Amino acid sequence: MSDALPVEVTSPTPLLELRGISKEFPGVKALDDVSFAIYPGEVHMLLGENGAGKSSLMKVLCGAYRADAGEFYYKGEKVAISSTADAQKLGIAVIFQEFSLVPYLDIAQNIFLGREPKGRIPGTIARSKILADAKHVLDTIGFDIDPSTTVDKLGVAQQQMVEIAKAISQNARILVMDEPTAALSDRETELLFALIARLKADGVSIVYISHRMAEVFALGDRITVLRDGRRIDGVRPADVTPDQLVRMMVGRNVDMTYPRNFADKPGELLLEVKGLTASTGISDINIEVRRGEIVGLCGLVGSGRSEVARAIFGADPTSSGEIIFDGKSMSGEPDLAARRGIALIPESRKSEGLALLRSVSDNLVVSALKKLFPSGLFDQRGAQRTSDALIRQLRIATPSARQTVGLLSGGNQQKVVIGKWLAAGSKLFIFDEPTRGIDIGAKSEIFALIDRLVAEGAAALMISSEQVEICHVCDRAYVMREGRIAGHLTRNELTEENIVRLGMHHA
Amino acid sequence: MTDISKDAMMPPRSFLSQDAIQMFYRLLAALLICAVLAVLSDSFLSLGNILNVLRQASLTFFIASGLTLVVLTAGLDLSVGANVALSACIAGTVIHKTGSPALGILTGLACGGIVGLLNGVMVTALRIPSFIATYGMLWVLNGLTYWYMAGETLHGFPAGFRQIGSGYLFGLPIPVYLLLVFLGIGTLFAQRTIWGQEIYAIGANPVAARLSGIPVARRLLLVYAVSGTMAGLASIIFLSRLNSAEADIGESLTLPAIAAVLIGGTSLFGGVGTVFGTFIGALILTLVLNGMNLLSVSANWQPLVTGIIVILAVWLDMKTRRRAQ
Amino acid sequence: DGETIAVFTKNQTNPFFQTVRVGADNMAKTLNAKTLQYIPTKPDSIPEQLSQIEDVVVKKPSAIVFTPVDYKAMVPGVEKINEAKIPVVNITDRSAGGKFLSFVGADDYSLGLETARFMLKTLGGKGNIVIIEGVKGSLTNVDRVRGFNDALKENAGAKLLASQPGNYQRLQALQVMENLMQSNSQIDGVLAANDAMAVGAIEALDGANRKAQVIGINGTKEAIDAIKSGKLLASGDYNGFAQGCLGTMMAIRSLRNQPVISEIVLKPTVITKDNYQPFDVPLEQRTCPTFEEASKLGAK
Amino acid sequence: MREAAVVSQPNPLQRIPGVAIVLVLLIALFSAIAPGFLSVANLSNVLVQSTILTMLALPMTLIIMTEGLDLSMGAVLTLTSLCVAIVSLATHSMLLGLGAGLLVGAAFGIANGWLVAILGIPPFVATLGTLGMAQGLSLIVSDGQSVVGIPHSVRDIYSSTLLGIPVPIVMALVTYAAFHGLLYHTRFGTYIFALGGNREALRYAGLSPNKLLIAVYALGGAMAGIAGLLMTARMNSGHPTAGLGLEFDAIAAVAVGGTSFERGNGWLLGTLLGVIAVGVLRNGLNLISMPSSVQVASVGILVIVALFLDGLRSRA
């Protein structure tokens, strides 16, 4: 522990310490001799690029993965954590990056899964108690919802809140949050931050993984940076600048201003949406996108941005309105849109973007099959060549193009989803939260990529919940509210305040 | 967590593709069965017997090859056997009525194909899970066939037509040539065409496939129609081989075909498997039944042995195949 | 007049039961009665036939003509019919219990015995023989195969090579035969427990360019054609038509308070090249034995 | 969070699957055209006939909710029915027979669970394999013959009544109540939802999905044992093909009843309605003497129509 930080005098021994943790997956050394200490009542930020091993380390911590090597010390005493039960006994609770919710159970049952209050008859559950307890926990985190709602009815943000409630309810001493805000809107994020402050005051230690630099400085008491499965350094937020952190994470300098060559003169009209209405809850949508520009689509979670994207792409049926692409009216299934040159990078890469069991190569060429093999005859080597080129171009961290895509880290998976549309040579790219769960290095690469695409004559429509990104990157933006376009912001008007003002209800 | 750590223990991908290794194991198993049978029965290794095995395997293979495509899309077609029965009966009637085998063959294939297409429509347009849709179809087809045949048997077909099922060419039964042809076509289609790739993609994740611009509904229609048409082909082979057709021929064909697909390493979850594997699967099944006949094992043991083989084959497959969680 | 007779048969797929049903329909029409056919949707399904009995008991037909899908398992069903006081005639397989007005059937044992005897006579009392059995445990199969075996025992020169089941199915019989031909270079005679299997065996022999004498049982149209063309040596006449029509006749007669014959066991006829003509007519044109002819059979 | 608060409450009407509509329509239709359909005797018939299928379809619902399937149920039922017959014949004891049936059924269930949970074999494959084994064993222990002469105590199970209600109906009702309580009011039931919905969640909660899975399949096997007793009682004999194919009827009933094959979305009452709908359809068609070929097709059409209606409603 040579590189351990000077520790606060009040708590000389860490609450929990991991020493020399190693974990290998086929072809990947996910963790290599990582040591990590958590002190009582601190918020410990864990940073690193996609695939750096953050989630893996936390899964080892909570007993979900068994480490190949390494030791655990709880309050200075050596302990074994070989199952989630062990970890729970030590007071460790985790909010996972992937949800651990059961869709057809209600919120209360999900929160207390495995810890149900016993009913009078053995084996049964005290229904009124579980509901009351759940209500109590939900109130603690400021989430106002009926706990007997089944989880399948909830949106992503709401599910994330339930996930948080579930972890809180365990009264943990150590709470791990793996990118908890990735799916939250600002309102919920604020609630979460307030909650974190309260927990901290109660002496709960929090390990917090995030790709959002602002959060790192707003919340963190201490920062540990991982890179390629190794612990690079541990620092205090006061002692570093964002740039330094980024350099630690990626091992080189990264420009975080997302420089763009804004189009002074937008190109010809590529996409024109007129009065689009769909049963998914959007109505009278009017949007224009020209070649060479990046158009933002912002608004609160649930304002219908994804629905607009899906309707344009033909993924949802529309009831009225017109979509004119490249001068011609268009209506039909996604295959038609794709053939015409529209690309959709969907909101959920795992369920909508990737065939997780197939290889990186298979996923990269799937949209470009017609283009790459005009004869209709498929050739594995040709596919391999194309995907190797894309892997290099996008810097996808994978042992080979043959690797199963489900084994890549989230950020690299996202790159694969984008890569498949590059291969297809699309003209209009619709990005739905393209940087969700993506590290800073990858983020700037992706923005650079989008910039290059539009510079070469393509166009982009970008949905993002991170208003900073919209403001930095977009030429102009539409703001949505309750399924309608609430306003349009030109390059000069594009500020976070304006977005919020237009997007808020009854502004 | 044991699953994940077990996964993690598996060897990394080697240069040989996973599928090739799987196929190698499977061939090895088939050869092993052959070796055991050759030791136990002197008649096993005779040319005649080997041709027998191939010919018997071919009928299962025709049905199972189309089914493989369906299973690759994570679907299932339980109606194949009933489809064979109906197609055989209709094709047989056409041959009887018109005297033209060619017309009969076309009708049989068309009938099979149309039934398959209807399955496809139920799965795509009506969005009924394939397992249930084809189970419903199975009974509808049975009802139709029973009504149409009214307990009669069709029999006695022109000699030329009968050659397809029972004739020889250069010492090899004609179904064996057909088997090789369709094995080739099936493999090429699945592995070497973009349609094949799209089918794998659909099986692996239908939602992602649709959002990747694959016309999922059309491909599924194609796959079910192909499966139906292959059942139609099997009905023609059946008709010409047995020189007759009756309403109940289908029932005993479905489960062996599914078993062949599974033994052949195609995953019911879709996206994994090959037509060649199905061929080996059909071969292994046939070999075992053939062996039991040669050794005069009571037929009471057949379901038991088949059951064990199916489980064993899939288990070994999983042991040797590395999967993402 | 106008009685409704519920006719139960085992399945819709075996041509034999079609002849039974046509026989019953014919007789009912002649006697101005009506038939209702009950057939399990899954061939030979015991639970389904039991359900059908229960449903029919609610419907109360005048009488029932009954073929049990399984002669032992259907006894509770028959008892239900008895309880409901619906007169019932048993045809084809003799039920192991219950009260019947009358039984009409063919004697499977002597059918097996006589057809096998005929083949062995043709072969000169010697040769290598294989038996292709039907569904294990079914009454017809047990008795037919017993008949085959007893005929073989009478001929010291005949050697039984194998006795394998083909489950009354053409394809299975064909494959079993193909496989048996591999382990046995000389097969002189094939005793098949029904016609479909006999024809399957013939296809296998043809395919291998081998010759053997084959016999079947049931006297189906297909078998008659095969006998005509010389491919099939003989088929035992199981006479479904007569079973159906006589069964129905007994049921209606009893309803009309006419005398019935309590047991008719149809004599086995071995259909061969020399006597097939009366069987070579469409089902509908066959004639039913008269009551007097039937009494003679009953007096056997 | 105002914008997120508009969660639609589960609308009970929306949960009525296609089968409920179909069932009401069928009952109305047959009451009108089939004389005797509405008689107490006939309705009791329909219900009694549905009991064996109920016994299979209820545990099948749970198994399907775990994203599983049990194709071996029909064959295991056949085997347990034979066991009941053989053991009660040998010992003259109905209870010993039932015990044997339960034991063999549970053993097959545990084997299924073991194959699925521990060896990780897909349920379809594992149970297709055990289907073959159970069927083979049935043929082997019975040598293809019926087993008869079993004591009357077995038969009485099927034919006697309790407070004027036929015992099989009582058994089915008790079973339904037990399953309902189990699924909706116990921890085990909660975990069944999780087995299909999110197995990882169970692991993180420190529970063993494998043990739970084995328990679910074992329950299925044991229920096949009880159904085996009913089957033997019904036939007053054991028969090596008696229950073949029943598993598909059970699966069809579950599917018709609105249980989906994904993510643990199951509905127990729907299954019961599904079973009854199949029973009503068969019974009604028999009463109006529909030609058998139409009856064959009818169940297929029922399945397709019910699922189509379900699809329509879920999309609406």
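Chains here go by letter, A, B, C and D, matching the order in which they are written, and residues are numbered from 1 within each.
Simple rule for what comes next: contacts are C-beta pairs under 8 Å (C-beta built on N, C-alpha and C of every residue); 3 or more make two chains touch, one makes a residue touch a chain.
These numbers come from a predicted model, not from an experiment.
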Higher-contact pair (C-beta pairs counted), B-D versus A-D: B-D
Chain whose Cα centroid lies at the greatest distance from that of chain C: A
Separation of mean Cα positions, chain D and chain B [Å, integer]: 29
Between chain B and chain A, distance of the C-alpha-averaged centres to the nearest whole Å: 43
Centroid distance [mean C-alpha coordinates] between chain C and chain A, Å: 72
Chain A, residues touching no fewer than two other chains: 64, 83-84
Residue list for chain B, restricted to those that touch at least two other chains: 1, 139, 142-143, 146, 269, 300
Residues of chain D engaged with two or more neighbouring chains: 139, 143-144, 203, 291-293, 295-296, 299
Complete list of chain pairs which touch one another: A-B, A-D, B-C, B-D, C-D
Of chain B, residues touching chain C in the complex: 41, 43-44, 46, 48-49, 52, 55-56, 59, 139, 142-143, 146, 149-153, 155-156, 166, 238, 241-244, 246-249, 251-252, 289-290, 293-294, 296, 299-300
Chain D-touching residues of chain C, taken from the complex the two chains share: 12, 36-42, 44-47, 50-52, 54-56, 58-59, 70-76, 96, 135-137
Chain A-facing residues of chain B, complex: 1, 4-5, 7-8, 10-13, 17, 191-198, 200-201, 204-205, 207-218, 269, 271-272, 322-325
Of chain B, residues touching chain D in the complex: 1, 3, 122, 126-129, 131-133, 135-144, 146-147, 255, 258-259, 262, 267-269, 300-308, 310-311, 314-315, 318
Chain C-facing residues of chain D, complex: 35-36, 39, 41-42, 45, 48-49, 52, 139, 142-146, 148, 155, 158-159, 231, 234-237, 239-243, 245-246, 282-283, 286-287, 289, 291-293, 295-296, 299
